[in-house]
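One structure is given below, represented as structure tokens, and several questions about it will come after.
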Amino acid sequence: MGNSFGQLFRITTWGESHGGGVGVVIDGCPPRVRLTEADIQPDLDRRRPGQSRIVTPRDEKDTIQILSGTFEGLTLGTPICMWVRNQDARPEAYSEMAQKFRPSHADYTYTEKYGIRNWQGGGRSSARETVGRVAAGALARKILRDSFGVEIVAFVSQVQGIQSCVDLETVRLEDVETNIVRCPDAAAAGQMIELIEKTRKEGDSVGGLVTCVARGVPVGWGEPVFDRLEADLAKAMLSLPASKGFEIGSGFGGIQMKGTEHNDPFRATDGRVRTTTNHSGGVQGGISNGAPIYFRVPFKPVATVMHEQDTVDLAHQNTTLKGRGRHDPCVLPRAVPMVEAMTALVLLDHALRHQAQCHSIS
Amino acid sequence: MGNSFGQLFRITTWGESHGGGVGVVIDGCPPRVRLTEADIQPDLDRRRPGQSRIVTPRDEKDTIQILSGTFEGLTLGTPICMWVRNQDARPEAYSEMAQKFRPSHADYTYTEKYGIRNWQGGGRSSARETVGRVAAGALARKILRDSFGVEIVAFVSQVQGIQSCVDLETVRLEDVETNIVRCPDAAAAGQMIELIEKTRKEGDSVGGLVTCVARGVPVGWGEPVFDRLEADLAKAMLSLPASKGFEIGSGFGGIQMKGTEHNDPFRATDGRVRTTTNHSGGVQGGISNGAPIYFRVPFKPVATVMHEQDTVDLAHQNTTLKGRGRHDPCVLPRAVPMVEAMTALVLLDHALRHQAQCHSIS
Amino acid sequence: MGNSFGQLFRITTWGESHGGGVGVVIDGCPPRVRLTEADIQPDLDRRRPGQSRIVTPRDEKDTIQILSGTFEGLTLGTPICMWVRNQDARPEAYSEMAQKFRPSHADYTYTEKYGIRNWQGGGRSSARETVGRVAAGALARKILRDSFGVEIVAFVSQVQGIQSCVDLETVRLEDVETNIVRCPDAAAAGQMIELIEKTRKEGDSVGGLVTCVARGVPVGWGEPVFDRLEADLAKAMLSLPASKGFEIGSGFGGIQMKGTEHNDPFRATDGRVRTTTNHSGGVQGGISNGAPIYFRVPFKPVATVMHEQDTVDLAHQNTTLKGRGRHDPCVLPRAVPMVEAMTALVLLDHALRHQAQCHSIS
Amino acid sequence: MGNSFGQLFRITTWGESHGGGVGVVIDGCPPRVRLTEADIQPDLDRRRPGQSRIVTPRDEKDTIQILSGTFEGLTLGTPICMWVRNQDARPEAYSEMAQKFRPSHADYTYTEKYGIRNWQGGGRSSARETVGRVAAGALARKILRDSFGVEIVAFVSQVQGIQSCVDLETVRLEDVETNIVRCPDAAAAGQMIELIEKTRKEGDSVGGLVTCVARGVPVGWGEPVFDRLEADLAKAMLSLPASKGFEIGSGFGGIQMKGTEHNDPFRATDGRVRTTTNHSGGVQGGISNGAPIYFRVPFKPVATVMHEQDTVDLAHQNTTLKGRGRHDPCVLPRAVPMVEAMTALVLLDHALRHQAQCHSIS
């Protein structure tokens, strides 16, 4: 259990890193949305391995195929199944993993939980599972943009100690895509790339921050008291591999402020209400307030490193393990489309939920 | 929608700060658990207003009553409804709120979303709603402790800039309850109390951090890929009023480390596997690994302050509003039982989910 | 688990026949619906025991109280908790039931499942649990009528062998309420009442059929492939105590027809499409087609009879048991508001679901 | 929405009759169950068109392929995706259907609901969708049989007026499979086959009854009050294409009995409790009582007939339509594995739910 996300725009992902393939079923997509593979592929290309010199060289083309739910280029309102066939499988590269648990990976916990594990490349716990999320998220983003005027932009805002400076009101997807690390601050991006390349040569890995902003969300999305918009965003982000936290608006930093400083005053101009500051991060009482929604997600340094590490084997004997072969020294550039996808899934789901309850009665 | 939490130990809270009362229905509680009001009341007493000089003086006794689901002191396996009648209502104190939106409260967003709002004391968005959560959480904690050997301890680890030093391996509930701010570091606690009292006199408010640790969780709880244990914990914490973030294990700080530093090596002693460090925070791949689970939650400074602030009214005209009467200068001491309750709800739900799937087949 | 019903207009019932009371929480009700206790009480009066000489004389006034979710007579969009306090409890009347399982009641199965049972008057398996359903259903019917133009009428169409003749196109609530057995065919009603009174004197019980029709449902409600409108209606009906089946449209009788006879031809008049027959029962492919939706539900003879019967006790020893005290010789008249309530809950839930998916995209 | 079924053993089906294919994702399957395509294919072969001279000659091999969730022949506890590629598509055979609504099919309601319809062969409303159900059901049956000792047998008990006589205590799958109509009463089967062949020659269709029995279900499965075992079975059956009803145990016939006749007396032998009759159909208070669970499902005559019929077109103009090409004169033989599959899905889901709540506390 636990492989579905969303209430009304509901996705179920399936697949392991090695095996037939990875995919997603979307239930609840509105009908008559224009949809072909060409709407999905660009985000998958931003997620795929082998896209640049700073990510893992595993070369999967990740060509998406729509198996159901569309007719003559339009969605039918029926379940949409999309998948990517696994291709570049080298199970032999993983034979040592059949016997040993990689530190800070999911090998040990999956084995203990299920009593079995597909040890080829991480199986279900591989980031390859996110192919289905990114595909579904690409569709959700398209609907949000075309039908609701919502724009979502995520980017790498920090790698290890290298911070960037980006204006959340104006940053666009094109700015993010100007470099391979997906940081719209060109100077910081250069340093980040340099650090990642150096780290790769050392056989080590680094983590960092993804910042995401959603602009154009109308007032009223979010379902208190448990399905607050920020609660569902937090869950979405912590469901991503390697993420370790979430903060919205003032976040952890806000605790240094007094209430009189932190409160966002309302001002009206021509009957339109706005806040003059946005420490709330676009959400008050669990409901969007019309201001940009922004949040940050830390991703830990990737667990696979090319160094000998202490670990145990299936028989619970002490041993060591050293990473081999292809490796991602920094997951951040590929995490950007994942964050955008999960954000889109949360927002569209809440758009539909809001309409179901609040626009139904004349 | 959005007022239920959990899949198998599922709670639904109801009630507004003013009106008949606040309560909870629990569906899925195992049968034959010893349960009377005496099991619930202590946690409600830790949550209630008026408990000490550093929280709001609103004096609600918050006496819990069990309406269903038990028989001769044991749970029946049927829904358990518990409630607290509202008593200390002073709707007249809120008359200005009928017309004006309090900054950084939920007044504006509720009004825009639903087209109506109970403006008496915050209505549904009041922290009073958490009475139901704390009551259900007290039951969940009891089951976790008695049937699974899990112990949950939360405490105030920071108020504004005042930090504490607490050992997560050993801190106990009794330590937390030694002072009214619920910080087991006595020196820091003294400073925190002083700061809160000073802040109250200034009519202002402060925020801070709650840290929570769960010890004794066995390996295997958590349902990837979306209902990862940390994802559900993050959602639970962000569903609490005034919380702005979540981090587990190394959290935001972990991005400063290299992979070789961050990875938690496995070591086996007499066939028992442990990690020698715990940057993972007790969760790997979304599943508990047997190590203590620990995380931190920032709570913003309370929005109600005794100062004149810019805002708008129902007619979307600019105006000002000044808080009056009773006010909570710092929500942190009362947030502690809320964090514990939500943690217990997440863990027990996952305990039942794990057993449903993984222990069912001979 | 299993005490909630509905996806978007979601109810959770709670309470046992003896104990604090019985009630319901409704999550997802649209905001700004006029609602006071006076909207709910009439349907509860039609459900309550002691309402006439042909039902059980247990005299519960069943006065509904709204605890949350409304403000100044309007719904808030927040959870609505309603309850009825238990009053006429005579637990001593049930002492024999503490030791013996009543045949064809739920005593044995509850005891085996949960390892514990509230043996006072049936506990959770008592029809008293339907108080919460009828209360929530009364609200759903009101919304369906006022906002969607949907009218739901149920009636007793058969008691044992006594059949009635009623026009489903025109029958109204007022017709149903003209007699205490709730059969709008006056001649049949007289015979039914006579049979029920005779049966009561014999200490026995009889079953029968409830027929229900919903008129005014627009085309398009129902969510294939599993949540077809008729599938959710079937579940709703089989969830009622003592019901043993469900048939919609031609139902079991339809298997005697050929396809050419059974098909409902379409005809258009001024662009408005109708079927000239309605063997489909208003549903095609799981979706309403605009024709009246009609179905039938058989209720078995009540299990409590005033005769000595073979049974076993808690120790699994053979014994006998004879019903005592108050008893309902025929549940049918009281089942009518239950069937209406469950129908309303299904239809309103599907109305909201349809709007969420199909009206959201411009 | 509405394309998922089950709470803990949860399936989501996808696919249209024409397009990429049809399939299912199963979430919540216990790990370490032996599973290969060979476990699934036999039930699909019993469902597939073209299997005998009395079903539609559309010749789909329906070869199942497992895409995820297994490793070295065992389930992983992760989502299992299985699918069948569509092959024998002749969209040109359906061109008239692009413009006209087939009477008593779902063409009209889908078009009105979604504003779009895949008119090729029924699209999503085609019985082809049940491929995914039958595949998932085959897995559920295997687990029920191997781990819980539950046996499910369904058969055709009536075609139009031809009734059969079958002993529910002893009938086995092998008996059902002795003839192409799947009626274990050989004499009745012969008449049924004759009637179906005659009907096909007339270009017409006939309906009938499927009876199903589940033996070996332990006491305690079923989740009152809404997710009663019979309620979920009823929903499952009414979710099948062409079904119009459901009755369990005494069903509609039971209303002719008195309570003293209908009640099932309990008797104990060596401490083992049984009922001496089984009018309850194996379920009391919504929970299995250890007796065989049996129920009946009526399937209407197939809507596709080779006769000219009145209908309307997309422009809501009156017209006529005559079925062409391949047609199923009687859906009953192919409905048998569908009924078994849905029964298995309900039972296994309830087995897991029961264990989650009732076996979790020591």
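Letters A, B, C and D name the chains as they come in the text, with residue numbers starting at 1 for each one.
The criterion applied here is as follows: a residue touches a chain if its C-beta (ideal position, glycine included) is under 8 Å from a C-beta of that chain, and two chains touch if they have at least 3 such contacts.
Note that the coordinates shown come from a computational prediction; the quantities given were computed from them, not determined experimentally.
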item	value
Where subunit A and subunit B overlap in contact partners, by chain label	C, D
Path length in steps (a step moves to a chain that is touched) from subunit B to subunit C	1
Between A-D and A-C, the pair joined by more C-beta contacts	A-D
Rounded Å distance between subunit C and subunit D, as computed from the means of their C-alpha atoms	26
Distance from the mean Cα position of subunit C to that of subunit A, given in whole angstrom	45
Inter-chain centre distance, subunit A versus subunit D - centres from mean C-alpha coordinates, in Å	39
Touching two or more other chains - residues of subunit B	1-4, 8, 13, 28, 31-32, 77-78, 113-115, 124, 224, 353, 356-358
Subunit D residues touching subunit C - in the complex, by the definition given at the top	1-5, 7, 13, 101, 103-106, 108-110, 112-115, 124-125, 129, 158-161, 199, 204-209, 219-220, 222-228, 230-239, 241, 244-252, 254-268, 271-273, 275-276, 279-281, 284-289, 298-305, 307, 309-312, 316-318, 353-354, 356-358
Parts of subunit C lying in touch with subunit A, wherever the complex brings them together	8, 28-33, 77-78, 143, 147, 224, 351-353, 355-362
Residue ranges of subunit D touching subunit A (in the complex, touch as defined)	1-4, 8, 10, 12-16, 19-23, 25, 27-28, 31-32, 65-71, 74-81, 83, 113-118, 123-124
